[in-house]
Every structure is written in structure tokens, then in C-alpha cells.
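Please read through the structure below; I'll follow up with questions.
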Amino acid sequence: MSDDSQAQMDKARAWWDTQIIDIHPGKIGVRGYPIQELIGRITFPDMIWLMTRGDLPSRAQSKLLEAALVASVDHGPHAPSIAIARMAMTCGIDLNNAMASGINVLGDIHGGPGQQCMELYAEIRAAGGEDLPSTIDRVLHEFVARHGKIIPGFGHRFHPIDPRVAPLLALVDEAAREGVVNGTYAAIGREVEAALRRRTGKAIPMNIDGVTAVIFSELGFPPPMGRGLFILSRSVGILAHAWEQSQRHERIKGPMPKEIPYTYSGPERRSLDPDR
Amino acid sequence: MSDDSQAQMDKARAWWDTQIIDIHPGKIGVRGYPIQELIGRITFPDMIWLMTRGDLPSRAQSKLLEAALVASVDHGPHAPSIAIARMAMTCGIDLNNAMASGINVLGDIHGGPGQQCMELYAEIRAAGGEDLPSTIDRVLHEFVARHGKIIPGFGHRFHPIDPRVAPLLALVDEAAREGVVNGTYAAIGREVEAALRRRTGKAIPMNIDGVTAVIFSELGFPPPMGRGLFILSRSVGILAHAWEQSQRHERIKGPMPKEIPYTYSGPERRSLDPDR
Amino acid sequence: MSDDSQAQMDKARAWWDTQIIDIHPGKIGVRGYPIQELIGRITFPDMIWLMTRGDLPSRAQSKLLEAALVASVDHGPHAPSIAIARMAMTCGIDLNNAMASGINVLGDIHGGPGQQCMELYAEIRAAGGEDLPSTIDRVLHEFVARHGKIIPGFGHRFHPIDPRVAPLLALVDEAAREGVVNGTYAAIGREVEAALRRRTGKAIPMNIDGVTAVIFSELGFPPPMGRGLFILSRSVGILAHAWEQSQRHERIKGPMPKEIPYTYSGPERRSLDPDR
Amino acid sequence: MSDDSQAQMDKARAWWDTQIIDIHPGKIGVRGYPIQELIGRITFPDMIWLMTRGDLPSRAQSKLLEAALVASVDHGPHAPSIAIARMAMTCGIDLNNAMASGINVLGDIHGGPGQQCMELYAEIRAAGGEDLPSTIDRVLHEFVARHGKIIPGFGHRFHPIDPRVAPLLALVDEAAREGVVNGTYAAIGREVEAALRRRTGKAIPMNIDGVTAVIFSELGFPPPMGRGLFILSRSVGILAHAWEQSQRHERIKGPMPKEIPYTYSGPERRSLDPDR
């Protein structure tokens, strides 16, 4: 019996095995580094990288990651994630709950385009081929056949030109010149933009998702982490809006003022069938 | 060592001890009942009662609970819980996630008044006293001093008279006549309504939270379960609206159409201090 | 300007259009029925059907739905949804929040097999063909090629025979005899079970997801509603366990007692590179 | 009618008024700063401050905030927030959903002690008095009477001495010497530690919540933002663990391996009363 117990105990312990953090009384090791050696000496983006990648970035890599994190924090209360967090704060729940309800909706459509764009870039890169433009034409053709004509990372329903793209792309170019990154994905991103113009005859410029996908790909993050990093960034906006809303002390804030009724298009008034 | 393991193992097993469900290969016991003896023989409200209370209700108790569950399923898309679930479905997440984001906001303000009203009724009942009206005047006086003048369960920001109250109260009265419940809380609820009229000089009639609080209290549920039961009921509305929304295939639905801008009242355009 | 306002206003109103519920001061109409005509007269499963389908079921249809709702409420604290809700209650959040965190994880793997099984049944039905067994062999062959060898709704990692299946299937058969349903999906489900035995040489019997998929399909629900209905059912278990946990007044309950450490398999202790 | 429409439209627009972000086609202003002037020029902690406070911090203030954000990212899978996110990833949901379920439980007990400690410090500061130790003795006495003997921010159920405290406190002292902060809250925190030793006769040292409460208070954040900032920090750990778990491709991970059963302490097997 006790042998079984030992084996079960070992299995239970291993059930929660991790390579991230090692904790003993008085000691916390993060990816092997004693926490007290990190505090005050590495930046928050360094820590994000260390936790998710297992090792520390160079300062230049970290700065590029940081720029992407800074750029994506908010896009206003028309975004469901932000509106939901604001509404949530008027329902008698706490900041953590309101943030959870908002972050939760950063799904495939609202939070996924960066990840999907990274997958597209990776597919283009893997396709190889001598001639990047014709490779991209082919990959895009297949992509549209599979997923429809919305290309993640390109075009914006609101901004003709997304003001966050140029400064971020300039930072990637600078990092490429300095050998921090190799510039492969910046080239791919620009060629996708060109291919979309060829394909459609109009400008469908790179947007925030497309340019952060360039950065995260250049830095070696896998596509799903594109969503993860976006969530860390957008959480700042969700927190700021939830907090601002909480200062207004409104109660049960609906999507529109209650004086503005919605339309009803269901069946007209009817009664239960008495024979039912 | 192996003795320690045995003790640790026992502790680990007991860590998740429950009185609700017992599972062995091929056997599922719910509060002692083999599941196959319950299926097809008890109602869904019976099962809700059995799971949360530990024993089965009488048929009459179950019918009264069922009426309350039927009454609270929905109050339209102006309710944040419903609007959030609808918005969530346009963000590329699944029904379970959309329901979670909606249910999550049924907090103290949006989902708590039923529970709070049950606490008020319980306080009135515990206060005892020969004369119910004067007991209530005193308890309400203290309640307002502590919590402000909104009395949970009474008054409605939209309905002058809540159409769900009369039929539910009639069912409680009928159950009291038949000895299913004793009617104490129905009397308390009606006297609170009378006291509020005395106190304010105007009608602040019982609402859906006040009447379901009567029912749940008559049936012996503790106040926090008032919120729990409301959540089970409102989940139906959240599901129905999330599903209806999903059939429209909209993407990233904000609180208002994007052509209708919000106002911005923050600082005017400014630049970084170059000396920072 | 005011014409524009009128148009914008109309668009804003229509933004939240619904066919489910119509609300005016003192009046609540659910799918056309005044709420006061429903309370006390229809069952909770009737209301679930009305809200999600738009019309009322017959009593026999409703009873069959109810049996499925009763059967799926709980499978104990080894299920992540239940364990999460219990852990959540020890963290200082409310029932609505704990339920949300639990319901949220009823995703494709934990809450999706019922839906996936309904899709499989629908694919088999749509495939038609004179001979059901050979149709199923072909569809299963393609299914395994696409999704791998786990067939949603069949086999159980814990129960050799799921005790919930036989009583539910008996109810479907009875309903088919009485003309309430036509029995198509019960036949498909049984033939899938037979096909899996032919295919693998061993018994991979129908489980709770497979049999509720039969019921929901017989009743005409679309596959995604299979997940939705399962959530309504499992919410009862999530609530019951969250409530039971809350009565123990534990604080910050981890997955195992804190005396049982987890293993750490990351890098050994290291220091920051001083030249970084 | 159209006048009404204009008024309703204005009200609808103002419903989502914000001072945080101003968006027009091609333009995004964050607290008045054009986003393109911020990208690459401010740090992520700067952006967190700007978004939540309305203005930019000095570089020294930002560094102190950053140290606190770095320190709190993770405390291993025994923490419910981390364990929940890991379990969630095995249920077929995405990173955003898993993070939401984890963040959601950072409630009063699991995520609130920092905020509560800030409230305690603020109460001590507001109490004023010539003699800080005796003020603290009095405030603590009242605090214990109200809330019980657990003092948020002091003592740790696992670490005799929390290794994160000394380096953070050293950074506060350095900032105080340089006039970045005034050191009031560092003094209060240390005196609370001394008072607890006087009060109980044993060491109940400051923990991570107590020292980040010092930092956030020194920097002028209101108490609820203590929870908000902690969430931003812990989100990094939640993401890292969710991501690590996803790489293991486990399915439906319960709190313990399924071979380790839980105990059941409910009623023994029983049958339905046939006369019910």
C-alpha cells in the first residue's frame, strides 16, 4: 500500500511540473534567476520575455518588444473588450472581474488577427521560393480560398492609414540595420501589402496587427504568443477604461441610454394554447 | 518516507472531498441516488434543489421554485449581462465564453438585489417583535442609514408595476393555503411595500427580485443561493441572446454602430516634453 | 443635421434588435407571450425551449429535453469546470464570478463533444445512402482522417459503461414509439456504436455526450445549441460545488494541499550576465 | 421628432464619453499625445501610468513602478489563478479565455491584499498624530477588531522572509533619498512591521503585497489601482503558465491525476421514494 502511495504521490507532484518557477521557503527562482537579482535590474518587457521564452532578451530586442506593447494598449470604447469592461464595472463587480470579462472576448476575431497574420507570414516564409512576390501571390490566393477575403493584419475598417504602423516599422528597420533582427518578416509584410494592391487594385495598408506580427515574428515568438502579447498590452486599456468608468458611479450601464429603446422584430402578442 | 507519503496522499484525496457526487467506474451517485434512478423521473428544478440542498423537494415546492426560474430568464439587451454576451459572440469566441463573460457581471448591483432582499427579509424575521409593521419601519430605517435609499427588491427603474410580481405572489399564496410554505415571507414582503409607501408617500412596488426573494426564502434557501438561482435562470436569456446574435454573423459589434462616435473630453493634442 | 440624427438614431435602435423579448413599461413579452401568462403555467425546460427556439414544445418534447438536462449536471471535482469553480470561491470572489470562470472552460474539449457528436450525426444523416452501416463506416473513416481517432460521444476515460446512457436511450425509444420524435438519430447513434466495434474490435460504447446528442438532434436543436444546453445543465453542478466549497471557509485553495510540492524541471540557479 | 432625435443622439454619444483616448480616421490620441509620438519613445510602464493617471511619470517614478511590476509576475502553480489558467488550456479554449478565467479569481483574498494594505496605510496616514508607532497601534487595534487578525501585506503562509521585499524596499529608499518619493509610506510600512512584532511577540514581516503597497502609495496611486497593477503583473505569469501547459497537449487536466480519487462524504446509496 505505501509503495502505491509513494508512486501516486510522485505522480501528483509531477502533475504540476513547470520549467518556469521554482519556489522554496524564502526562495523564488524565475527560469533559474533568483528573483532578488532581477528586481530593479530588468525591465517589465524583459520579464515578459523571460517568463514566456525561458531566457532574457538583449536590450535591443526588449526595446522592440516594448514598442509593440506600447502601441496596442487601446482603441477606444467602440471595441467590445473595452465597452464590456466599462459596463461590467457598473454591475457591482471588481476590477479583476471586469478585466476578465473584457479580456475573455479577445477571441479569433477581436484578438486573433495578429496571431493569424503571424501564421500567414510563417506560411509565406516556409513556402520559400526564389521570388517573394510570386510566392506571396500564390499563398494569398490559397489563403483567400480557405478563409475569405479579409487578410488579417491588413486594412482597417476605420483608419485609411493606421498611424501606429509607420513608427513601428521604422523601429524594425533600425533594428534590422543594427543586426538585432534580420528583417525577413518586415520584407514579407511589405510585400503582402504590395500583393494586395496588385490583387485588388486599391490600397489595403498594413495595420497594427500586421506590424506587430512583423515585430513578434522577427523576435522569434510563435504565432499564438502574438495573441498573448496583445492581451498583455490591451489589458492596460481595459484597466484604464474600467477604472475611469468606476469613478463615475453609474449603475447597470447598458450599451445605450435606457431612454433609447431597441427595436423588437419577433412575433406579435399571443396567448398560450389552452389545450396544450 | 512511505508513511509520510500515505499521509500526504490521504490529505490530497480529502482536499477535494464532497458530499454532492460519488463516482466509480460505471456508477454515479448524486446525493446518494444512483443517477439512472433519477433520469426521466425527476424534473430539472428537482435536480437543482437536490444538488444544492442535498435532498429532493416535494412536487409542490418544486413547482414554486420552477415558477421563479421561469420568470427571471430575460430582461432584454439593455441589461449589461445580455448585451455583453451578444457583443462577445461577434468577437470570435464560443457560446461557453460568451455566457461566462455575461454571467460574470451578475454582481452585487446587477445580480445581487435578490440576495440582498433575502437578507433584508431575514433580518426583519430575526428582529421578531409583536408588531410586524413597526419592526419593518425600524429595520428599514437602519437599512437606509447603512446602505442608502435603494431598497433591493422594491421599485423598478423601468416598470411602474412589474408584471412578473402578481402571478408569482398568487402562486405563493396558493402554496401557503395548501401548507406547502407558511407565508411568513410573503407577509414580510407585502409589509415592506406598505412601509415604503408610508415612508416615502409614493408607491415603490415589489419587483421581480422582491418576489423571487419571497419564494426562495419561503422555500428555505439561504440568501447567497438567491443569486445562484437567479444566475441559473438568467443563463437561459444569456444563451438565447448569444445564440440569436451568432446567427447574424456580425463582426466586432460595439455598443453602438461605429458611425455614431463617442465624445472625448480629455486633454487637447500635446507633444512629449523633449527634455523628459 | 436633424435628418441625419433621425437616421443615426434609427440605426442605433436597430443595432440591438431582437426577436426574443419585447419590453415596455409594465409589459414583458417573451416570443410574443405576455410573461404573466407563462409564469406558473410552463415548465423551466419549456421556457428554455421557447427562448432558444421561438415557440413552445409539446409536453412530451419538453420531458425528453428535461431528462437530458437532469442527466448532465455534474461529474465531480476532477472535472476542470467544477474544480475551477471551487478554487475560485476561496479567492474572495462571488458566486457569479466563480460560475463564470468554471463555465468559461466548457470549450471544444471539455464542453464540446456533445456538439461535435451532433455534427457527426448530422453529417451521417446528410450523407444519406441506402445502407446506414456502410454510410457510417465511410463517414467515420473520413472523420478519423480529419480529427483523429477520438470519436465525440463514444467511449469514456473513466466509465466502461456510462450509467446515464441506458435510461436516456429508453426515453428516446419510448418517445419514438409515441411519435414524439422519429428515432432517426437514435438509430444513427446505435449504428455508430456498432461501427466502432467493427472498426476497432472492442466496445466503445455511447457516453453521455453521445446520447444527449441523440436527444437534442431528435428534438431539432442545431449542433451549437448542444453545447449551450449542456452549459445550462452543468451550471447546476458548478453552482452546487461552488456553494459547498464556500461553506468550508478555506482561503486560496490550490489544486493540491500546499504541503505537497510540485516538481520543477527548469534551469538551475543562475545569475544575470553583468555585461548585459 | 427630429429635435428629440438630436437630443437622444447627443445623449447616446456622451454615454461613452472618455478622457482617455480620442480616435479619428488616421489619428489616435492617447491622453492628448498622438500615438506616433509615443511609440518607441516611452516605456511600457510609462504607458501604463499615462493610461491610468492621465499624465506621464518622470523616468525615476516609472522605474520604481517597473520594479514592482517585475516582482509580482508569478508565484507558481499552487496559486489558484495560475492553476486555473493551466487547467483551462486543456479544455479546448484559447489563451484569452484561459487568461480571463485565471485573472477573474484575483479577488479580495487572492488579488486584494495589496489594495487592502494600501487602504490600511492610507488610514494610518490620515490618522496623523505626533507619534507614528502609537497611531499605528491604535489603527491596527481597530483594524483587527473589524477584519480579524490577518493583516494584508504582512506575513506569508509559505515564506518566512519574502525574498522580494528587501530589493524593492531598497529601491524605495533610494528614490526617497533622491526626492523621487517622500518616503512616508516606507516609514509607515516598516512601523507596521514593528507594531506587529510588539503586538504578537513574533516576526510577521512585510510581504510582496506590503512592499508593492508602499511603492504604489508613494507613487500616488489610489488603493483600487493596487489591485489593477497587480493584475497587469500577474497576467504575465498567467500567460506564461497557460502557454507552457498548451505545449504539453494534455486534455481535460483535473486538479489531480484521475488515478487519485477524491473522498466522498455525502449520504449512502438510496432510492427515490416510490410514493413521491
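Which chain is which? They are A, B, C and D, in the order written, and residues in each are numbered from 1.
Methods note: a contact is a pair of C-beta atoms (placed from the backbone, for glycine too) under 8 Å apart; a residue touches a chain by one contact, two chains touch by 3 or more.
All figures in this text were calculated on a predicted structure; none of them were measured in a lab.
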**OP:** Would you mind naming the chains that touch chain A and likewise touch chain B?
**Re:** C, D
Original post:
Through what angle, between 0 and 180°, must chain A be rotated so its C-alpha atoms fit those of chain D, rounded to a multiple of 5?
Top reply: 180
Original post:
Relative to chain C, which chain has the most distant C-alpha mean position?
Top reply: D
Subject >> Candidate from A-B, A-C or A-D with the same interface as C-D, over half of contact pairs in common >> reply: A-B
**OP:** Give, as an integer number of Å, the spacing between the C-alpha centres of chain C and chain B.
**Re:** 21
Subject >> Centre-to-centre distance between chain D and chain B (centres being mean Cα positions), rounded to whole Å >> reply: 28
**OP:** Mind pulling the residue numbers of chain D that touch at least two other chains?
**Re:** 8-9, 12, 15-16, 18-21, 34, 38, 42, 76-78, 83, 93-94, 96-97, 100-101, 104-108, 111-112, 158, 253, 255-256, 260, 262
**OP:** Over in the complex, which chain D residues touch chain C? Could you list them?
**Re:** 1-3, 5-6, 8-9, 12, 76-81, 83-84, 87-88, 90-93, 97-98, 100-101, 104-112, 157-158, 251-256, 258, 262
**OP:** Could you please specify the touching residues of chain B with respect to chain C in the complex?
**Re:** 8, 11-12, 15-16, 18-21, 23, 25-28, 30, 34-36, 38-40, 42-48, 51-52, 63, 66-67, 69-71, 73-78, 83, 86, 94-97, 99-101, 103-108, 111-112, 158-164, 166-168, 170-171, 224-225, 227-228, 231-232, 235-237, 239-244, 246, 253, 256-257, 259-260
Original post:
Which residues of chain D touch chain B in the complex?
Top reply: 9, 12-22, 29, 31-34, 37-38, 41-42, 54, 56, 58-59, 93-94, 96-97, 100-101, 104, 255-256, 260-273, 276
